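Letters A, B, C and D mark the chains as written, and numbering starts fresh at 1 in each.
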Amino acid sequence: MFSPLVRIQREDFSLQDEIDALSAGRADIGAVVSFTGLCRDEAGTLAALELEHYPGMAEAEIARVANEAASRWPLLGLVAIHRYGLVKPGEQIVLVLAASAHRRAAFEAADFMMDYLKTRAPFWKREHRADGTLGGWVEAKGEDDDAARRWE
Amino acid sequence: MFSPLVRIQREDFSLQDEIDALSAGRADIGAVVSFTGLCRDEAGTLAALELEHYPGMAEAEIARVANEAASRWPLLGLVAIHRYGLVKPGEQIVLVLAASAHRRAAFEAADFMMDYLKTRAPFWKREHRADGTLGGWVEAKGEDDDAARRWE
Amino acid sequence: MNTVTATAAAGTRPVRIVYFAWVRERVGLPEETLDIPTDLTTIADLVRWLKARGEGYETAFADETVVRAALDHVHAKPQARLGAAREIAFFPPMTGG
Amino acid sequence: MNTVTATAAAGTRPVRIVYFAWVRERVGLPEETLDIPTDLTTIADLVRWLKARGEGYETAFADETVVRAALDHVHAKPQARLGAAREIAFFPPMTGG
C-alpha cells in the first residue's frame, strides 16, 4: 500500500519534480496521468485569481478524496497539490498525478480526483480584474456537480 | 487553429520541456492532461523492450489520430511523442499532452489519443528477458480494441 | 436523568464558527466563538439561530439551500446533527480545482 | 479500350512490399520489390499470391484474419483494392503505446 501525497501550498509546484519523486527507483509503473489546472486570463480581462481556502479542512478533504481513489483503482501512486493565494494568468493552480501499471486506472483516478476536487475541496476563487477592480466570487458550475455524480 | 505536434524518435523526451513549449507566452490554457507510458520490469523478468516501428507510416498515422482528436474536442494544444528502439524498465515510451480551456476536453482527448495509439500506430514490442534470452512479440490485447471502440 | 438532560438543554456551549468567501464578507468576520444553546440539534437549527443575530447573518444565509456547512472539517448537510462538533464552518459552493 | 485493359490485366507492375515484427521474421526479409500481376485486385488477392511463393509466406499468412495491411501508409482491410498503391505493408496487430 502507498499513501497519497496531498499538499496545500502558496508556492508554485513542479510537475517534473513530482513525477520524478513518484517514480524514482521503481519500474512497476506503466502509466502516469497528470492534470495541471492553470489560471486563464479570460481574454485579457483577468489580472489574477485569489484563492481562499479552509486550512485544515482542505488537506483533510483532499486526503479523503485521494484515499477513496486509492481504494477504487489499483494505483501505485497518487499526488494532489492545490495552491492558495494570488495566482496570475498562465500560472499553475492545481496538480493531480496518478500512477498505475496500466493506463485505465491512472486516467480514471485522475479524472475522478479532479471532479471531486472541484466540488468538495474547500477553495473559493475571486477575480481581480485587469482594470484594477475587484471582481466577484467565481460561481460554482452545475456541470461540475454533474461530472462528480458520474462516479456515484 | 493549431497543428498537433507528432514526433517519432529513438531518444528520450522531457514532459516538462513539452509542457513549457506548449504553454509558453499564452494564458488561454486552463487544463493540461498528460499521459506518460513507461516500460515496466514485469517483476524483474524484463531486461528491455524492443520497439519496432514503420517509419513514415508511424508519423502519418499518429498525425491522423491527432487531427481527429483536434476536430472532436476544442483543444488549444496536442503533442504525441513515441519512442522506438530499445527501452529499459523505468524508461519512458510514449507521451501524450492535451491542452484546452476546460478540463473535460483535455482528459477525453488524451484518453482517446492513447486508445488509438495502442490500436492504430504501427509499433510492435518485443521482450528482451532478464535471463538473456529473446522473448516473444507482445500480443495485442482485446481490451485495447474494446477501449478504442468506445469512441466510435 | 431527566433533570440532568433538562438542565443541559437549557444551557449553552461554546463553538468556534468560521466563515469563508462571500459568507465571510456578508457576516462581516472570518470567525467567532459563540455560546450556542445546547438545544440546537441540527445545522439548520444553528442557521436559524444565527439569522436572528443580525442583518449580516440574515443576508449571508438568505438562501439556506446555497450555503454549505462542515462540522469539524467534514462536509455536513443542513439536517446533520451538531453533536459535539467544536468547529462549524459555513461557506458558498466550492470553486477550487 | 478493351484491348488496352486486357493488355494491362495480363501484365505486371512493381510494388514495394514491407513486413514488420513476426510477419517480417516469418517471411524472412524486411522488404522486397516484386512484380505483381496487375489482375490482383484486392489485398486478399495479393496475400493469396504471396502464399504461393513459398513456405515463409505460407507461415506468415497462415491465419489471414490476423495479419494487418497498409496501402501507402494507410491502414487497409483485406477487401480493399490495391489500386495504384506503391508500398504495401503487412504486420501483426499493433502493440505500441
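Keep in mind that, in the parts below, contacts are C-beta pairs under 8 Å (C-beta built on N, C-alpha and C of every residue); 3 or more make two chains touch, one makes a residue touch a chain.
The UniProt protein names, listed by chain, are A, B = Molybdopterin synthase catalytic subunit; C, D = Molybdopterin synthase sulfur carrier subunit.
All figures in this text were calculated on a predicted structure; none of them were measured in a lab.
Kindly list the shared contact partners of chain B and chain D, in label order.
Touches both chain B and chain D: nothing.
Taking each chain's centre as its mean C-alpha position, how far apart are chain A and chain D in Å?
50
Starting from the mean Cα coordinates of chain A and chain B, work out the distance between those two points in Å.
It comes to 23 Å between the two C-alpha centres.
Give, as an integer number of Å, the spacing between the C-alpha centres of chain C and chain A.
So the centre of chain A lies 28 Å away from the centre of chain C.
For chain B, which residues are shared contacts with two or more other chains?
37, 103, 114
Give me the residue numbers in chain C that touch at least two other chains, ranges are fine.
97
Which two-chain combinations touch?
The complete list of chain pairs in contact reads A-B, A-C, B-D.
Write out the stretch or stretches of chain B touching chain D in their complex.
These residues of chain B touch chain D: 37, 51-54, 56-57, 60-61, 82, 93-94, 114, 117-126, 137-140, 144.
For the complex, give me every residue of chain A touching chain B.
14-16, 19, 23, 26-41, 43, 89-90, 101, 103-104, 106-107, 110-111, 114, 147
Enumerate the contact residues on chain C facing chain A in the complex.
Touch residues, chain C against chain A: 18, 20-22, 70, 73-75, 89, 91-97.
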